[in-house]
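Take a look at the structure set out below.
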């Protein structure tokens, strides 16, 4: 620890010296919103940037990194990317040991948990000179990234849950997903697809998306609230309601709306790698607007549309439509990193630089800053599917669930409940009661 | 001529302490201290970023009463151990006995059989295993080619555990080598005498072979059980603890609780349960073997 | 006579069959590196359709900024010092226990034996917090220091057993010549210990090389990843995994072990055989 302090002191003295000598120099002739200063003191700075994503997103991000490095030859950014499986464990371990990357793509739902555990991330309000936040909507920031008055992350986009439809197959099988969708109609449609051809299914889905696109909205529609109340730290739903949502999920498998659980275990968190999706044997897929590109890229031979997310057929008992727009990820800066200022400046470039906006386009869903959105729209870079799904989400009135509901331990319990029902190893009743017991355990410690 | 007088060195026994000093430091700092600390942590609510605060037996209570995951992991771990330890040792013994005839090319054979043991704990091989047992993997292809049905090795809870056990049993080579060496030490005269008394192969095996190599069998059972109860890598890489936590061994639960959720206190309690199991099994085995394990020199050091 | 022959044939058959089972996965891994994804799945054919080294070349490039060359270097940077430190420290400690009768020896020896069965899981969490306090996380020190401090009772014990087989008269004659304990050790015992040291080194090399759990929790930045962590990240890509490349890298990663084994077979086998037996 002492070593770090000495290093930090040395760095700040160095930086102060740089500023003083470089002060009278040229203003950044960029004209854009980027405030990156050409630091030419030759002080080699290495930043680590960690994120997860599919191929397209990874390549685009790498390109932005390359461009930035070209403009700032003394800054080297080491990319650390992969899939999202195990990302949370890696992030947790590295934060715990003070060894996390400098720039971190973080899970929106994980933030509250991290914030509660410690002071890991930089408050961007303290770095207003290094990053221009004017392009972000204050309301959006307040709702999603501000904790106790501190702006601890920046949204990577505006995203929402999405039901992507292979329209070509839908037409072939006589499924109409252009109308409103209800939970019950999903089952009916599932049966219809199977009757048409029992090697084809309606819905490509995995446990993760069962949590975000079925379980949580279903509960919110019944109770009008997120699963867990952050203030009381208690469940907002009753055991019967929990049983009913698990019974619904079980019925999805019993009615062959989707493939049997065992067959899809290896495609968890990678729905686009399922051969049935690639070969166009699934009518639709539950996903997030930020991943639509992954899915359409896997099979480019068909036409796609975005459907409405399911709601209850009896609207009189529905307390809330259950959907809302949210950042698909948050970008954070590691507070204990050695080059916090440089890291923040990179994010300034990432969000505000025009070229960056064009490269990153909609690979993390609709861009979060006004300028980036304008640039992408002018250049036709945001796919219509992504825009459609986000617009649909923006029209909804769901309550933002970020908090205990999205806590990683809670999510793990929800997944356990879903999996035990999905694999037919437990009845909805038993799964629900086990789940409640586990949740109470966890909540009592929060 | 002057004779140089050579002084004999008088060995001071306390020098031994100097020589074992590194170990002593290592033991105190990196073994005893963590050992006692984890016991302490298990009685606290230690979440890594706060200071440990004493909560008595709450963690253990939670483990044994309100955490359904624990009993599942316990069951999975015990089943895993019960499959792999006997599985490995029976294979090892069986093959060792077979090889203990005067066969040709025994060196090559021993090499081939030992090879898989080289990869004990290897991620590369765990990935290989995952690939082989996937739904469209080679194992299923082989099954279908002989008109047997495909098995969802990694997709069904029960078979996933079998897959992991198979990986471990495949690596029986190191035990086999030990048994072979032990078999070679059994005096042939014993077998000859038994033959004279009219004993058949089976009788010889159970009444001579087994008792003679019982120390090695015993040693192996203990060491293999200790390793099996702490299994982590194969479950983590091949199945990720799934499906539906069907291969979620205690080692994985410990890792997740400690390093994903930072529940160090709770995870320490889990580690002490594992330790408790090891202790119990070791004591039981020692008890069981006291009459049965045959030491040639009477068993003292 | 006939019966014995038939038995022998049966035995050879069983051995051959099981032998195939032993080798098949590794052989498959090697050949898979030459196959395309579609050949890997859904096919019983062992041999690939074409023999291109693409998977090796592309897999070696790795992802991001680091090639597998870097990951290999990292692995060796961990394994080699750890092995050397282990052998040196354990042999010194074994000498202390084997040849000296210091006060408290029985007790300390008992402790040594007890730690043989100390499971890693029960000490890993406090070790982690301790190393964190020292600032050793994301370095290779959590590997080096336990090796330096002879925290491997298995090797100490193994070397001790071996030393007991060396007659004390040799020590005595060295003392007669005026050699101190260290001189005696280096000039008399060490040369005779070589096979055991070599075995110990091989095993520690093997175990450290294959380590995963410790690497997983202690090493955070990709730059420092050993092969085990790099391989594991390679399989959780979000897009289509190129299994041929992964198998290529997996095979290359086990190659050093296999080479080492074939070259030093005797020591492996002897080491395993004698570790369980007395002297």
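Going in written order, the chains are labelled A, B and C, and every chain counts its residues from 1.
As a working rule, a contact is a pair of C-beta atoms (placed from the backbone, for glycine too) under 8 Å apart; a residue touches a chain by one contact, two chains touch by 3 or more.
Predicted model, so just to flag it, every value in this text is computed and none were measured.
**Student:** Counting one step for each move to a touching chain, how far apart are chain A and chain B?
**Tutor:** 1
**Student:** Which chains, taken as a pair, are joined by the highest number of C-beta contacts?
**Tutor:** The chain pair with the largest number of C-beta contacts is B-C.
**Student:** Can you compute the centre-to-centre distance for chain A and chain C, using the mean CA position of each chain? Integer Å is fine.
**Tutor:** 40
**Student:** Taking the mean of the CA coordinates per chain, how far is chain B from chain C in Å?
**Tutor:** One centre to the other, that is 15 Å.
**Student:** Going through chain A residue by residue, note those that touch at least 2 other chains and give them in order.
**Tutor:** Correct list: 85, 93, 96.
**Student:** List, in ascending order, every residue of chain C touching at least 2 other chains.
**Tutor:** In chain C, 128, 216-217 touch at least two other chains.
**Student:** Send over the residues of chain B in touch with two or more other chains.
**Tutor:** Those would be 48, 134, 255, 259.
**Student:** Quick one: in the complex, what on chain B touches chain A?
**Tutor:** 45, 47-49, 62, 66-69, 134-135, 152, 154-157, 240, 242-245, 255-256, 259-263
**Student:** Inside the complex, what are the residues of chain B that reach chain C?
**Tutor:** The contact residues of chain B facing chain C are 6-11, 13-20, 22-27, 29-31, 33-35, 37-38, 41, 48, 95, 98-99, 101, 103, 107, 109-116, 118-125, 127-132, 134, 136-138, 141-142, 145, 170, 173-174, 177-178, 180-182, 185, 215-216, 219-220, 222, 226, 229-230, 232-233, 236-237, 250-251, 254-255, 258-259, 264, 267-268, 271-272, 274-275, 278, 282, 297.
**Student:** In their complex, what parts of chain C are in touch with chain A?
**Tutor:** Going through chain C, the ones touching chain A are 63-65, 128, 132, 135, 137-138, 216-218, 220-223, 233-234, 236-241.
**Student:** Touching chain B in the complex: which residues of chain A?
**Tutor:** Residues 85, 88-89, 92-93, 96, 117-118, 261-266, 408-409, 416, 419-420, 422-423, 425, 434, 437-438, 440-441, 445.
**Student:** Taking the touch rule as given, give the residues of chain C at its contact with chain B in the complex, in rising order.
**Tutor:** Going through chain C, the ones touching chain B are 8, 11-12, 14-15, 18-19, 21-23, 25-26, 28-29, 32, 40-44, 89, 92-93, 95-97, 99-103, 105, 108, 111-112, 115, 117-130, 145-146, 148-151, 156, 171, 174-181, 184, 206-207, 210-213, 216-217, 227-229, 231-232, 235, 243, 246-247, 249-251, 253-254, 257-258, 261-262, 265, 268-269, 272-278.
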